[in-house]
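First chain written, first letter: the chains are A, B and C, and each begins at residue 1.
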Amino acid sequence: MSYLRNTWYVAAMHDELPPGRLLARIYLDEPVVLFRNAAGEPQALADRCPHRFAPLSAGKLCNGGDTVQCGYHGLQFDGKGACTHNPQGDGGIPKAAVVKAYAVRERHGLIWLWAGEAKEADESLIPDYSAVTSAHVDGTIRGYMPTACSAELFVDNILDLTHVDFLHPTTLGSGALSRAKAVVTEPSERSVKIVWVSSGDVAPYAFDINLREQGRPTDQWTEVTWTAPSTMLIRVGATLLGEPREAGVDTLNLHLATPESAGRTHYWYWSTRNFGLTPEANAQATPMVVNVFKLEDKPMLEAQQQRMGTADFWSLKPVLLPGDAGAVRARRKLKALIDAEASAATPTDGAAA
Amino acid sequence: MSYLRNTWYVAAMHDELPPGRLLARIYLDEPVVLFRNAAGEPQALADRCPHRFAPLSAGKLCNGGDTVQCGYHGLQFDGKGACTHNPQGDGGIPKAAVVKAYAVRERHGLIWLWAGEAKEADESLIPDYSAVTSAHVDGTIRGYMPTACSAELFVDNILDLTHVDFLHPTTLGSGALSRAKAVVTEPSERSVKIVWVSSGDVAPYAFDINLREQGRPTDQWTEVTWTAPSTMLIRVGATLLGEPREAGVDTLNLHLATPESAGRTHYWYWSTRNFGLTPEANAQATPMVVNVFKLEDKPMLEAQQQRMGTADFWSLKPVLLPGDAGAVRARRKLKALIDAEASAATPTDGAAA
Amino acid sequence: MSYLRNTWYVAAMHDELPPGRLLARIYLDEPVVLFRNAAGEPQALADRCPHRFAPLSAGKLCNGGDTVQCGYHGLQFDGKGACTHNPQGDGGIPKAAVVKAYAVRERHGLIWLWAGEAKEADESLIPDYSAVTSAHVDGTIRGYMPTACSAELFVDNILDLTHVDFLHPTTLGSGALSRAKAVVTEPSERSVKIVWVSSGDVAPYAFDINLREQGRPTDQWTEVTWTAPSTMLIRVGATLLGEPREAGVDTLNLHLATPESAGRTHYWYWSTRNFGLTPEANAQATPMVVNVFKLEDKPMLEAQQQRMGTADFWSLKPVLLPGDAGAVRARRKLKALIDAEASAATPTDGAAA
């Protein structure tokens, strides 16, 4: 599997990594252990001791988190991957006793991991999702949902939201999205935006029940911005026909996918809204939102991956529909970025001569 | 795995496919969805939407069963595999939006699927098993038993019924079958028959307890007719020594195997008898029959497959015994039919010139 | 996977094979069935009937154990692998109806299997572990622990016992072992011995609590003798500083590993001690010992194997520490023995000419 390397991937939500925890996850086929150092900063190391290949995540944190001790024979490593302690013999530290360290950054509630060389890590490429992650806690529903499909299928899923009409018909779908014409743009070299608007339809159930009056025609908007490699910001809302957006209900949502492997994906959702901002309203809304993701999206995506097997998507000759416009653009853009990395890594004829 | 294609395979018993159900099964490595159209006729499509490869079986039936709607983005297909509805954009139907349709037929309680091109489907090749499937309901015990072995091993199992003496010694075996001399014939180009008869032995337990007197010498008969590719009709019975067959107990049984893959088989048994034709007698006999299949045959066949792994049967150089005569004949006949298909599909030198 | 063939592997502890039992295990990728003949001697056959490839272990013992009957069609084989009975037809025994028989020997509580040709079996190569296996029953804790790692990792684990300081810190580790200097010798062509001694440390908890006084400085000894291919005899003990060994606590332990496959190992532990020789003391000590193996060693070894995948150990370029000296020597010795077998099996240029 070829992945985009010089980019940030979401590794965890901030509170999945409390101080003192060794969090073992696989990203892009590589086992990684995450922990916080004594200053509280997230650290990430290859999760394999260079001595006997035990997972460092099976060890323990020492020095307030500044080092992780292998649980098998006791070598200690700091967050840069350097061996800082060898309990054996004269305590000399073998030169080769080094583990790969990843660049990681915590930004607005998310922990990001750079998949390329740590020294190339470019903080300016971390997307700013603070509008979502700083939203009112009582209007926030979020969770982690690892899923047996590729990250590409998750991106396709979100960039073609016409699926709500069929996969989520009782909550998020009203039929309006399928009939609307999608407008696709490219806000930046690393992003694709797709927008659907409609006028005159009753809003989907989850929105309709929160409008001033129910069962009335509305103006609706759905806007998805994908940023390479696989994070999506979604704005969806509705207002009574002809009224300003501010008078209606609006939601801002993050969907964050990080490949574990070709066929497995770490997935996080972080959904926020501008209404029902009480603990009671949040408690009531949570099962509906979680069930949409866990009981409708997840099984469909896993079934889709299962039917595709390990075949390349294009080799299966998909029949494309209008709703695929954004997803196809994002797939091509990601491929172009990966190809550009590959050719940058290969000396040109001239350079080789 | 190479399968015989221009032939019928059992896909389901009639009542496994009630109206309104989408039944997902894999036959010959191909995912298929079965359903009944508005007229109640069984239909079979490749279980993969050509748009995004979601299983159609995860969708729903529309128009009384005349179409199946993909549960992901809403394309609809009829039982011929034609796309009849596209909810997106102007509703135009892409030319390529077609799924493979299989020829299926319902005959005397069974639903049959043709594994070759639908237009080549030859109804005259469907075996007539009505003598079994129309038998008295209170003398009928039937079920579905998917099993982790090849369909060939199921055929071998039934064509060498001497195994009853060792695998089912307390119910169906008496030792008589192993000692009897098997007579093998070929009733047709696509069938093999093997017959064992014996005189003087006490009948196996399951038969003995249903004779007029117990523990007495009997005449016994066991006749198996295999029809390519993998369905078996079995007649087994016993009568007190010298009495006519009609005075004894007789059973007529179907064993139906359809490959799911090289190592997994759909299996159905349909056992009927000419005695004990009451609900009470049937309820009493059912556990014994079901246990013979599920607790004795199935574990042995799965263990056998496990020991063989993915090796070709003949490559393992089996030591053949007299009881294998029928099974070997059937294996050779099936191979000849498959080879004939392959050479029919390949132009000869002359034709190619 | 290449294994040493002309050597003995532990197949079972004596009481894992009571008379009348068919014990199915895989050794070195080969399915084997073990049983006792009428004289009580252990027998071992390839666990696959040559007729239809059913596992013989799914059959039953006949003639007091002198033959095993296939449970599918009834062929019987004796402990030499010869077919002694065919129930079919005229009862003639096909020439090819033979199964592979392994040489097996029962010695001091263990059943050993020779992995090479039975006629080459050399009883003098069976290690004498009677000092352990004849120890007082109330000072003995033993068990079977199949584990998802290679046998090499088990050998490494035992030959580098410095791991007790980190993996078993509350029971067997005190930190003394890591700091001690290991002395490695080669008592024979097929064995490696590693010895650690220390003076002045408090003994590990499991030893300290059994000394005359607790929390006092001690002399400690740890001696491991590995014998090819994968059995280890361990002596570990402690005595109050300056007192003779006999005045302290001493343990003698067997760790026995036999490859099931490249990634799975049969493992037995047989731990004996010279103190606490009562049923009550044994019952109290048992959970601690078993938990060390099952809750600490086993998960670490399986995690280590999982991180290594199917890669060759040396190809991963392990960073070696002083504690690895014994394990590396044993790995090299085993490899040399395997290479010697391979070249003995290959004609030299001269012989071929």
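Definition applied: a contact is a pair of C-beta atoms (placed from the backbone, for glycine too) under 8 Å apart; a residue touches a chain by one contact, two chains touch by 3 or more.
Just so it is clear, the model here is predicted, and its values are computed rather than measured.
Novice: When the CA atoms of chain A are placed over those of chain C, what is the turn angle between 0 and 180 degrees, to the nearest 5?
Specialist: Rounded to the nearest 5 degrees, it is 120.
Novice: More than half overlap in residue numbers between the two sides of the chain A-chain B interface, or less? Answer same or different.
Specialist: Chain A vs chain B: different; shared/all numbers falls short of half.
Novice: With chain centres taken as the means of their Cα atoms, state the distance from chain A to chain B in Å.
Specialist: Distance between chain centres: 47 Å.
Novice: Residue numbers in chain C touching 2 or more other chains?
Specialist: Not one residue of chain C touches more than one other chain, so the list is empty.
Novice: Help me check something: in the complex, which residues belonging to chain B touch chain C?
Specialist: My answer: residues 156, 160, 162-163, 165-167, 175, 178-179, 181, 299-300, 303-304, 306-308, 316-323.
Novice: Please output the residues of chain C touching chain B within their complex, sorted ascending.
Specialist: Those residues of chain C that touch chain B are 31, 47-48, 50-55, 58-59, 69-75, 86-89, 94, 96-97.
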